[in-house]
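Below are structures written as structure tokens.
Same chain, two partners: chain A is paired with chain B first, then with chain C.
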Partner chain A sequence: MEHTTEQVDGVTVITLQGSIDVSQAIELRELLGDRISGAAARVLLDLTNVRLIDSSGIGILVTAHRRAADASAGFALANPSEAVGKVLTMTRTDRLLNVYDSVAEGVAGLSGAAP
Partner chain B sequence: MSDEPEPGTGDPSSPAASKLVITSRLEAIDEARRWASTQMVEHGLPESWVIELELALTEALSNVMRHAYEGAEDQEIHLALLVDERGVRLDIRDFGVTFDFESLGPVDLENPQEGGYGVFMIESLVDDVAREPGRPRGNWLRLTKLRPAGD
Partner chain C sequence: MRRRSPEATDSWRAVLAVLGRDDGYESRLQALLGLAVEAAGLPDGYLYLAEEDARRLHLEATRARPAGDPSRAAPGPMAQTVEGGAEWIAPTPPLEIVRADDIAEARTLTTSVGRLYSQPLTREGTLIGLVQVGPVPTGDAPARVRQTLGELAFPLGVAVDRARSEHMLRQQLAAASAREEMGKRLAGSALDATRFLDLLLDLALKATRAEGGFVAVLEPESGRLELRADRNMPEDFDQRVDLSPEDGLFDWSIGAEVGALIMRDFEQAQALGIRSILAVPLLEGGQPLGIFALASFTEGQPVGAEGLDLLETYATQATLMLHDRRLFESFSERYLDTVRGLARSLDARRPYLRHHHDRVAALAVTVGRAMGLAEADLRGLRTAGEIHDVGMAGVGDDETAFEANLEHPVVGATMVEHLPLDPGVAGAIATHHEWYDGWGFPAGLRGEAIPLPGSVLALAEFLIEMATDSPLREAWDAERLLDELAQRRGSQFDPAVVDVTVPLLTDDELGLFLEQPTTPEEA
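Now for the complex of A and B:
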């Protein structure tokens, strides 16, 4: 899965490209699992360039959210496209997941989160 | 007697439809999406609408690979797509284990899950879902998505 990672104000910003579907599910699960590894972890998934997300992808985001909550870490999504946002709404996972309108807002939200 | 439902006007099993055969590898889902997307875009359908059909196709193929072919990667999946003035009809035919969509169970939207959204998403993203056991084996699925109002 094509992605870039950078550190911004203590937040790991992972920017994904393309589609999140079942063919990339294992790679994405491992990527997030590696990054959400302790209470200090702050991970923001930048969805700006993600065109499509399927049910496998939604499942991985739910898993990552719960993993972060269990570890008292931070995990959030930023800037989902219209299509991705519609899937989050359709599955009502937008009620569970932390979703920010922009990467800047996501970084500010996560970097201010209590450790 | 054909082993498929009777063809009719605007039927993807008609010779006018575009056909594609893929193997049951997860990587082939992207190939199928691009094949379908190209034709829908050529017919002037809006991208957000196209993505929804692509997503329904993705979920349907994922189900075939997991439930009908149980992870085997060398089996055939036949796709037929017809785009016309009414919208898109997409047939997905496999020759694996016949499975019952209903047995996959409803999704509990009040309690976000780590899986199980596939059938729900298919049914939410298209206007009609028809399915039958394949004859003599496998599954036949038809997704119909009507053009957006005013298009």
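Now for the complex of A and C:
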């Protein structure tokens, strides 16, 4: 699982590439855990280039969402592919997570969010 | 009419030749991309195809220089040095492109893999894909590249569209075939939960890349997930996996209000050797019924993008089965309550039969427990005792009464044999008038042919009847009952049942001579 990180309007945009399964779950947990700390954190996960995700990856995303909520931080997903979107729907986690159709919308949504 | 140039005619021939080959979908796309790359005279090419709504395009075929080719090295966001050396990892193209307003224009653009010339492929005005070739030098692509790809765009669009249509049709046929096979194989097993779930798992494994899978069902009484079926999971999986809602592999509590299923403990999955797992919640009205999970242990994910619809189909089938089973169990319990009520109404007809069914049931359970029957068998024995004479309902006092009396065990058993009860219930009712020596009714069974619950019920009913005053006789006392049991041991009654009962009777542990129980209404 490769990733790049950039700051856009105060939002940390993490772009992932590849597929997410059990073997990459720890890496994803550390990647997000380091960045979702404190109420000022705004993290957007760009899923444009993630082809597939399994239940372990979904588990990490929901845990990150909870941690962000507990810390009054911001965490959202952007632009999931059709397959990733389907997995979110099938596991019903689409109803828990904040999902934006594009990175631009995600950045706008998170940067405007009240701390 | 515009005439095609000789080169364009050659392009058509080459494209038609690809379509005429009996290759797989991926090979066809690869060959079509190869034609474009060779026609452009450039080393790299990428073919993207649009989703149905054309909002996104996916990379479907790549023809590029080998990753280790130094000429591909170029700094960029995806390039990085390999630890310990200056070697470059070749940059990778985006796997997906989100549609922008200018995507349908032929143009040169800068990408993560360098400058590429992008040629849209359309069919009847609809964008179906993009061919991107490169690298092209600074500035616009050479005129030759633009002209060649422009001429090739139409036949390529037709060919790609046709290849994709055929591929989708094949996938739909495979899915329809899998569903039809599922329907056939599941016929007649709708209420046999374990068999049904086993079949669903088999079919899911066949239709996806999954190497194993399991179905766990939420038990309403305990609130625990119980493993009901598993295929190719690690040895002792049922012992090693923790499915407890508090701290097990899965967590429903986070998304309880929407039924969202979270995998809590991926390290446990890792310890079980699972490389990837996709677990889908089975829900009814937002309430969890269970989990349908597919796993892989080597490489890749258990379900590719193309298999998600099939996984959803299997999960829906499992949900429907669990729904039907719960509905049937609920119906059965209500029906059984009606049968119990009918049996009690029979007891109310005669003073000496007061609470007969409940008393027989309680005594049978006491004897059964002393014989070491399991709790599930004891529950069945209690149910059988509560309704054992219900086949007498409708029997009047006329000349048909005797014949009906002989048939009542069979009539009673028939009333409950289709319910999802322990089969021992109907068996005990059907045989509670059989004798150990074969002189009983209705079948004249003997010895071991009589199921143990039937033998226990027979002795329990005998003791209750003989210890109760009736118009035919005064109640026998314990001493008389012990004498009769000794005489009937091995003839009317199973010796093993008598041997267990005698000490209970001697110690007055059967409650035979206590005040008869009263109902709450009477109290």
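Things to note:
As a working rule, the second predicted complex is superposed on the first by the 115 of 115 C-alpha atoms of A that agree within 3 Å, B and C clash if a C-alpha of one lies under 4 Å from a C-alpha of the other, contacts with A are read in each partner's own complex, and residues count from 1 in each chain.
Definition applied: a residue touches a chain if its C-beta (ideal position, glycine included) is under 8 Å from a C-beta of that chain, and two chains touch if they have at least 3 such contacts.
Just so it is clear, the structure is predicted and the values come from calculations on it, not from any experiment.
Superposition of the two structures on chain A shows chain C clashing with chain B. Taking chain B and chain C in turn and counting the residues of chain A each one touches, the greater count comes from C. In the superposition on chain A, contact is made by A:Arg92 with both chain B and chain C.
Once chain A of one complex is fitted onto chain A of the other, the partner contacts of A:Asn49 are limited to chain C, with no touch recorded for chain B. Of the two partner chains placed by the overlay, neither chain B nor chain C lies in contact with A:Gly109. Applying the stated contact rule after C-alpha superposition, one finds that A:Gly10 touches neither chain B nor chain C. In the overlay built on the shared chain, the residue A:Ala83 is in contact with chain B and with chain C.
Overlap of the chain B and chain C interfaces on chain A: residues 19, 21-23, 51-52, 54-56, 58-60, 62-63, 66, 82-83, 86-87, 90-93, 95-96. Interface of chain C with chain A (complex): residues 51, 56, 58, 77-78, 92, 94-96, 98, 251, 254-255, 258-264, 266-267, 269-270, 274-281, 283, 293, 301-302, 304-305, 308-309, 311-312, 315.
On the chain B side of its complex with chain A, the touching residues are 26-27, 29-30, 33, 48, 51-52, 54-55, 58-59, 62, 65, 107, 109-110, 112-118, 120-121, 124.
On the chain A side of its complex with chain C, the touching residues are 2, 4, 17, 19, 21-23, 25-26, 48-49, 51-52, 54-56, 58-60, 62-63, 66, 79, 81-83, 86-87, 90-93, 95-96, 102. Within the complex formed with chain B, the residues of chain A that make contact are 19, 21-23, 51-52, 54-56, 58-60, 62-63, 66, 82-83, 86-87, 90-93, 95-96.
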